Each structure stands twice: as structure tokens, then as C-alpha cells.
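First up is the structure itself, then whatever we jot down about it.
Labels run A, B, C and D following the written order; every chain starts at residue 1.
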């Protein structure tokens, strides 16, 4: 940390800061400028130290020079984390598309969509059984019955599955049926839920909150990692801005920014960001072009009768075209799309760093 | 709802919309303009109807003309809701200041602060036992031990107490000790938590999420109200914007906007919005000037050693001055500050509409 | 400036930074931490120095520790600036309300409104002759004819006048008729226009841009001050955020934040922020409560026929009530409303620091 | 327009609205719902009509159903506009990269960079002679001397040139030397400047303001188009949001959104959005992937000594690699990169609609 004193600070103020820095177990390092004194505080900082120093008389600002996350940081773990979920490799050069309906509504629709997305090249099946809805009067998911259908569909198609959990009390039942757990944007800072999924052995897919900074997203990953679950995937899904043309503003710059700071795989959700299906394919392609490890896309066979978020669901035929372009773009940027069932001989497990699988 | 067709829509598109409107149990009402056809859909609309119609061929836009909340709406309940919590009246012309430390850290600090804020005129005591923190390494509260101290302090000072709950599994223990339950900004859309507190008999104080629209805040209130708990208080606490000068941007316009739409009392939290104690008193006074039913303010006797959010905690002596100004400003705008222990003879229960107490 | 090196930086990187710091005429000051080296750069920094150092190999971040503005800063000029415009004193403890129609539309409406606002206690008359409109097909003001009417009305009522200028080519004509010049939010960073008004002897009223930080607002003031015109007033008028309930989000925290950093008077424009007349009085009162030096309010005698921004114009009778409350609130926070024609014996010119009038 | 009455509106309110609608030259069309009456107003609406109706007693909301721009709209001009600037075709399937230094600083740097970007495949040369800078103390460009150098470099490389104009008084001198005129983000709503460039015969490249909606961007285009200059190009360059990780948040969804509404070519500026050179190439590639007609990229041969925005300038060698990937991605999405000097036999002028030069 660096403590910048005000130009009006007196010698006594400086002494007080130096004493407090020592009391906190840090080593002070003084530097007198023309107008201001600056005090470096060297050593292992505790979380609330910065807030405390900031309040001492004569202090103008306290600047942190290390990130507040550790396990999520690339400084701590240099190589890209590559996960293996039932044989599907995620992260590093692998590009995966997760697809399926927003909510699981019926056996028929789920299986129709699952088959379509698998045939088109998706490697992981999504479907919501617990849906967070802004209205208490909206359809909120089929619950455990939905989870059973999802497992059945995943087994039949030979695809790993992912579904959202919104309540710490549901973590067990979700783990019983699904292969990956999704933490939705509205729960990115539901810290008890993060601690709970951190205790499971399932990969956790965390969506960025609609007003979350990238540091906050990485802190939420840190919550899961701190519990011993090292298989975390991050997902940009649009942030809330003044722009009303799309449901949220997809922040594609977040992909390379996160990749520079963290070893965790980064996905993009163009469906929730756009809110309109016409925009989804080109945003998904751009996500792969910018270097993401994959995209999560909502597909529905009959979206104008969907019980949730139909307007953003892509039709199966458009999803297929999109997948063809994604495959080509992935290659141009040095990545490759994972195709289920296809032998992956090029990438060796050792590429994954210490934590893979 | 009003369905606006594209200028390129053909007769078949219009027919399809009309049929779907009928199928949804609504009555269509056609209106042909020079360039576009508009179809009114009259009747009780279900939550996902708008999204479904929006996707039919030839449809440009579907506009809702009623709000998605009912119980929270002033159309449903015209008079201001006035609550009674252990004799403290909240809402309508009553102005209350809730004060106390951010987190309960020790018996000594809590009691010192409680006494100071009571003497200055605060009517409700706050203190956090379960703290949502962005870092897994930060102090996260004393839990049940903290709740016991809070109850003890409230009893000794004769003040009702309020504390935050962050996990549906903790609702029972919180209700055992506290008089009011706070839902923090990060949990405003933790829908299962809202349902859980909706089943209790404690007043629920809901803070606006940092990226929540006012409609979304009222929908979260609707979650609680829909469970039969009619005692809900709303709180503006700053939204996340590009402006970095304060921790969040306090949106004081939200106060009259909510009051126009809803009968529920509206408070303001200047402490979390500002993030700096020097700004808190003038923002608290402005909150009362704009017509809020109260403010919630963090006070600490030794903030540079606080374990949580010290920089925004007001010192007891400044809190006292602030309270004096608040009392005067409340009168100018036709409100009055509730003083604990003082007989309230001016406002009669009947002012509260059907739901009071 | 403080240059923070990456943890991976090598000795050669540090040497390169130190050399460049010297080359820029600054004195380097090394400090080695456990993980990182920090280099203080002491001396007078040029504007682009920070950007240049930031790019050297091994550099993680370059942090400025002084503000980029000087003349606008309170460090430079400690006492509040108090202006005198035709006998009306602005800034310090003086509270002034500027009022009038959005656009000058006709002699009749202008004079009706001017009389009403003067009678209610407004001390400065506003009216737009050059209106920036987002559509090229909207009414864009009466130009010089409007300016003549404004001057005539100001003379008749004995009120100084203010009007907006949008084009450097119009500065002369505006100065010919008006007593104060307004720079609108959309022109806050029209730097050539700022330079032009900086060369005049008229007070300049600068509105904060809709996406401008406070630092940027003060930099725009610096443009005017740097030309020798020391009479600048700043105005918060709402920023653009995700919130759609009001036209813009009024950022009242900006008032005390600016006052801490700058000696210039700060006003608030609740009319453009709210966009709805019902919200304007309570926001104007809150502006005075938070400590602003005044408010600028649009008033219209027949707003549903106004050619510009009618929905936000307050009716004369509501303006009068608002003024009464403003007067009382100003006193509570230690300020006083300027009343035209009233002898101001309490505040002496010397309070204004070196620059007054 | 659709006028939605409040549920509390009485018959008299409805009559008043109907009368005003007629008075405005529009045809009213009544529709009574269960709770509310809706009045369609059919005919050619004037710009301020909506604001006026909105204020009548009993009116809840007035919704526009047509866009406020005409000439910029795809409804008015269905085919993509394709421009020809000195033989370079812009828009439709053509992809062009505009490159060069941020500011023109010296003959040597300009020519070095110009040669490098031309060799790599850029088709248009950029360079700023009038730089809008937030500080009055920063380098603000070489003015006419810079323009001369730019023209010389363009002539030598055989590339059309583009440069920014910030003052209506400089439009003539800019037109004398440059082939295209840029309107910067901070001047997107400098309406007099837009009118002035609308009177020239040079293509106008308008950058989206940092807080501008897409509708506002198209309205600014409308200002230029309304003066008879039909050659307008739009550019997404990042918007201001809460996210501080990049200088601005690049809103790539804006590209397909604008393309759906307007026939004008859409470019992307990844340099100003990112603010860091490492992010620029991947964002430029993503821009082409999402379907943009081109990108504008800052390149500098020695960016750590640049006088303006060095941190975001790409080095020539990285620019070259980026161009190779852009060429491949353009093909995948059905576009093709314009290469200077190469015969363009595939696209015929008739594709351009009525306006292409």
C-alpha cells in the first residue's frame, strides 16, 4: 500500500501513520516530495487495513498496489486452467459452446433442442430448473423434476449438463443431477451460496453481476476457490448501462482483461446481453474472435411459446449456421472448437497447469 | 398491452397476432394508422405474454401499459402505509433515523454507539451480525453472538432493532432477536430470501440493488407482500454509475418517484452511497428535504479501527448536529421526526390505511 | 507521480524508468517492496508524462498524486469565490435562484414569467435564444431577437440575465445583451467555445456534461480561468445512468465533493435532471439542503404549449411555494437567499478572496 | 403516437386530449380498455408534439411509434449506402481499416507510420491536427501545418485522409486538405458544427458520444444529411459506464443494432475504447466479426514518446498481424477488406442505392 499525505499534513500526522503501519505488522517506507509525503507500507496486508489508514488525520489517499484476490490470480497460477468435465476439455485453446433452452419446460422441447444443439456442435447442454424471475407471478422453473429431465437428456445425448442454483439449500439436489453448477448474475455476490458450491466437487460457472467490476467477479471466484474447489469458469453476460438498445451492454473487452489477470477460462453469454435473437449469432462469433473460451447460447424450437426469455432464444437452424462460423473464427485466433465424441489428441493434460481435472 | 406492427407487416401478420391475443384470453382492438397497424390487447395479462407476442412475425414492439406489481402499487392501496414497530411509527408524516455501527464488533462499542445515537434522537438501532463482504478474507460478522448483543442493547435503550439477513437458513435466528429485518442491496433479487422473510411477521427493510430500476425494487417488495407480510419499507442507497467520486451515486430523485407509485415508506442510506463520512450529514439532510420517511446512518465511536466500512461512519458528535438540522428540515417539508418515548398524539392510526401495524 | 513496477520487472526495467524520469526533469525516488519496486517522480509534471511512463516495459501502473487543475483548485485559492453580478452576490453564504422559461418564445410569455419569478424571489432571469436540440427539425431558438427581449425583460425587472451560447461565433452577440453566459452540458467539452468565453468579462456558468466526471468539469472551468476570466460558476444537472425513471440522475453528492476541491460556487439544475415538473420543487429544496449556492429552475406560464421542454417547467404558483421553503432551508444550513433590491449588509467584499467581482 | 390515459382520467380529460390532437393536425383514434383509455394520434407529428400532449391532465404516458430520424433511417433508404472516396469503397460488403497516429506530431513520425499502415493493408490515413484535450495545458495539435503534412503523406502513399474538426470556423481549412472529416465523440451534439460539415462535399465520419444513445447518434447524422450531404459514416467508440477496466466500454452490439435501423456504414474505434494497446487487436478483429464496415486504429512507431494517447497506439508490427486476421475474419462473415490499388470488380455501383457518389 501507498499512503499519500495531504499537502497540509503536519509532522505529527506522518508520525501517527508510521506508528499505525508498524502496529499493523507492516514496514513503513518514507518518501518526501516537494508538496507531499508518501509512506509505503510493505508486507502482507489484511483486508480492512486500507480503509483504516485512510481515515487517519492528514491522509489524502491510500492506494493498494496488489490485487485483493490470490487464488484466482495469474500471478499465483501462471498457466491457463484447463478443466475436464466428462471428457470435455474447457479453457486454454479449447472452445466450447454450451447450448439449450433457457428453462426446462417439458420433456419434448428439451429433447428436441438438445438433439439439435448437439448435432450442430454444442458440447455442453444447458437448461434451468430454478429460475430467478423479477416477478413473483412468473414461471420459476420445474425444480427437481426439471433436473431429472436434464440428466436424462444429457445421458441420452452423451453431453455434460449445466444448470443454475439460486439457494444454498438446493446445492445438494443440483449436484445430484447436473455436471456443472451455474451461479447467475444476480447471485454473483450471494456469498453463502458461493461458499456452498465451493464445497462441492462440481465445476462452477460464475456469471458476472450486472453491475460488477472485474475485480468483484474475481473476488467471487476467490470465494469458491478458497473452499478448495479449483474448477471455476467465468462468464461475461452484459452489464447495465444507460444504453437501452439491448437488454444489457455486452462488455467484450472484459474477456482479454480477465485473461490477463486470471488463469480461469472465460465464456460469454450473448443471449442475456442482447435480449433479441437476431443479435445473438454475430455477438457469439465476436466473442470467439475476441478470444473467449466459449459461449453459452439459449436455443428454443418454438420460442414464441417459451415460458421464459423466448425473445432471445435462437432457432435451431440459425444456431447451426452460427456454429459453422464459430469453428472457422476459432481457428483464425488460434483456438479450436471441442466436438463431442471427437478424439482430442492435440492438447495434452500437462498444458493445464497443476489444477486440471 | 399495445402491439405495434412494423410498417412492412402484411395482413396475415396482423391476423396471427389477433388470434394469439384471443388465445391468451385477451380482447384485441385494432387501429390502423397511415403507416402501421396497432393492436390493443385488453384484459388481465400474464407475466410472459409480452415476451411471447413480441416475437410474432411483423411485430415491431409490444408496450405494457400497466405496471407489473400490484400489492406494492398506490393504485391498489392509495393511502401511505404507516407501520408501528414497538411503538415507533414509520411512514406517512413520520420521520425516523435508524443509526448504529455497520457491524457489531464488541459489546462495548455497540453500547457506546447505541447510547450516543439514542441521545441524539435516533429511534431505531442498527448493527450487522451477518455481513456480506466482497472478499472471503474479510471480517463477516459475529453471527448469533452479535444478534444477542444487539437485542440486549435495544432492550437497554428501549429502541427497536434492525439487522441484515443474507441467507434463507438464517431467517429464523434473525427473527428471534431483531425487530426488523434488512435485505441488503446485493440480495434485493435473492428471490428465495425474499419469499422466506415474506413468511415472517417482522417488518422488512429492502435496499435498492446497485443496478436496480425502481420497477425492480417494487417487484422485490411484491415478493414479500405476496407472502402475506405487508410491512415493507424501501431504501434508496446509491446506484452504480460512471462517477467515481463517491462509492455509489445517491439517486435522491428515486424518493419522490417511488412515493408517486407506491404507498410504502421510503428511506435513504447516505452512508453506503457516499462512502465518506464528511458527505453523510449533508446528504442525510437533503434526503429529509426531498421528502423521505427517514434515513439509515452508520455511526462509530472509533471508526479508524472499525472492522467494516469505517470511512463512512459518522462520529457521535457530528451525528448529533445532523439530527438537529434534520428535525428542522422535516418540519419545513411538513414531516416530523419521531422521538422515542415522546407521546405521539398528532397522528392517528386511521391515517395508515388498511394495513397499518 | 508514483510508478509501480510489475512483480516481474527486472533491474533493467527499473533503470529505464529512472532514466526517463530524470529526462522529464523530475527527481526519482526508489522504494523496494517485497514484491514490487515503486518509483516516486518528484517535481512539476507535464500533462502527458503519466501516459508516457505508463508504457515503459515492466511498468504496472502510474498514479498521479496531484490534481490536473490548478486555478480551479481550493489548494490554489482557499476562500470561497464570491461574484458580484450587477449587485447580486453569488457564492459563499449567498443562495440565488435563477429562473425563467427554457426558451424565449415570445415577448408576452417571457415578461409574464419574468415578473412571476421576480415576485417569488428569483434573483437572476434565464431564457434561451440559442437552443441545442437533438433533432434538426425542432425549434432552435429566436437568436438575436430573443436576446433583445431577454435584455429588455431583465432591465424592466431589474434582474441580471443569463443565456446559453453554443457557437464560438455567437459569443460576441451574446455578450452584447446578456449579463452571464451559460455553457450547456453538451458543450462542457467544447474547448474552443470555453477558450472564447474565457476571453470575455462575463461570468461563465458551466453545466456538468452528462457523462463528465467532476475532474473533467473542473478541467473545463480551468479552460475558462486560464484565459483570465476568473468568474466561473459550476452546475450539477444530472448524469446519464441506467435509471430511466428521470431524464437524468441528479448527482447531489457532487455539490459537497466539488466544494471540497474547488472555491467556485456550485449550483444545481433540477429541471433538466428530473424532466418532470412534479419532481422539481423537492429536488430544488434538497439542493439547497445539501449546501449548493443556488438552483436554476425552468418556469413557464403555459407549459403544455411550450416549444421546448414544457414537461419540466414549473408553474408560477408552485415556484412561489418552492421559494418559501428554499428560504427556510437555506437558513438551517447557514446560508441565506439573495433577494433583489434588498440591502446586503452582512457580507463584505473581502470575504470573496482575491478574485471577487 | 399513442396517448395512454391514467386509470383515474375522467371523460373531460379524454375530450381535451382529443381536441388537442385535432388542433395539432392529427387524427385521433379512441380505444377504451378495462382500466384505461388509449388515444392513437395518426398523421405527421411535429418534434415537440409528444412533450406537449404528455402534460395534459389525465395523461399517463405518450409513446412514439415512429423514429425521430428520417433520412438516416433504413425505412427511407433500404439498401446499404456505399460511398466512394478517391476510389476507396466504404460500406456494404467492403471492409476498410483507417489507421495512423492519434496526433500529427512531426513529418518523420507521420510518414513512418503512414508507410507502415499502408503496407499492412490500411486503406485510409488518419491523423489529428486539432485535438480536443481535457486539459488546457496539453498539446492540442499542429493546426494547419499538421493538415499540410497529412495531405502530403496521403498523396505520397496514395491514400485518402481523414482528420477531426472541432470548431465551425475550421471547417473550410480542414476541407482544403483532407478527404474526409471526422466529428469526435465530444462534438457529436455540437449541432452548429454538424450543420457546417453538412454543407461541405466531404464524407463525414461521426463518432458516437460517450453517453449517446443510438437514436441520438442517428439524429446527429440526420443533422448532416438534412443539409444535403449524404455521405455519412457512423462509428462506435465506447461508452462511459461504471466499468473502469478499460477507458470506455466498447458497445459492439451497437453495430448490428444500427445496421438494422440505418443504411449508413458503421465503423468501430477500438483504440479509444480500450485505452490500452494490448486490447486493441482482438477488439478490432471482434468488430469485423460482429459485422462492422471497418475499424479506425491508432498506430505509432514510438508510442512512449507520443504527445497524445500513446498507451493505446498499436505498434506497426502488431498492426500487420492484426490486418492478416481481419482479412480472414471479414471473409467468414461475408465481407472483404478493401486493398488500395487492387481492382474492385466484384461490387457494382448500383449496389449502393441512390446516394452512392
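Note that in this section a contact is a pair of C-beta atoms (placed from the backbone, for glycine too) under 8 Å apart; a residue touches a chain by one contact, two chains touch by 3 or more.
These numbers come from a predicted model, not from an experiment.
Peer 1: Looking at chain pairs A-C and C-D, which one is connected by more C-beta pairs in contact?
Peer 2: Taking the two pairs in turn, the one with more contacts turns out to be C-D.
Peer 1: Counting only C-alpha atoms to place each centre, which chain is farthest from chain B?
Peer 2: It is D whose centre lies farthest from that of chain B.
Peer 1: So the centre of each chain is just the mean of its C-alpha atoms; given that, what is the distance between chain A and chain C in Å?
Peer 2: A distance of 40 Å separates the two centres.
Peer 1: Averaging over Cα atoms per chain, report the distance between chain C and chain D in Å.
Peer 2: 29
Peer 1: By the touch rule stated above, which residues of chain B touch at least two different other chains?
Peer 2: Within chain B, residues 211, 239-242, 244 contact more than one other chain.
Peer 1: Sort out for me which residues of chain B touch chain A in the complex.
Peer 2: Against chain A, chain B makes touches at 46-48, 51-56, 68-69, 132-140, 166-169, 186-187, 189-192, 195, 209-211, 216, 219-220, 222-223, 226, 239-240, 303-311.
Peer 1: Help me check something: in the complex, which residues belonging to chain B touch chain C?
Peer 2: Per the stated touch rule, the residues are 211, 213-214, 239, 241-246, 249-257, 260, 273-274, 278-279, 282-283, 285-291, 325, 328-329, 332-333.
Peer 1: Where on chain B is chain D touching in the complex?
Peer 2: It is residues 2, 4, 7, 29, 31, 33-36, 38, 40, 42-43, 60-61, 63, 65-66, 75, 240-242, 244 of chain B that touch chain D.
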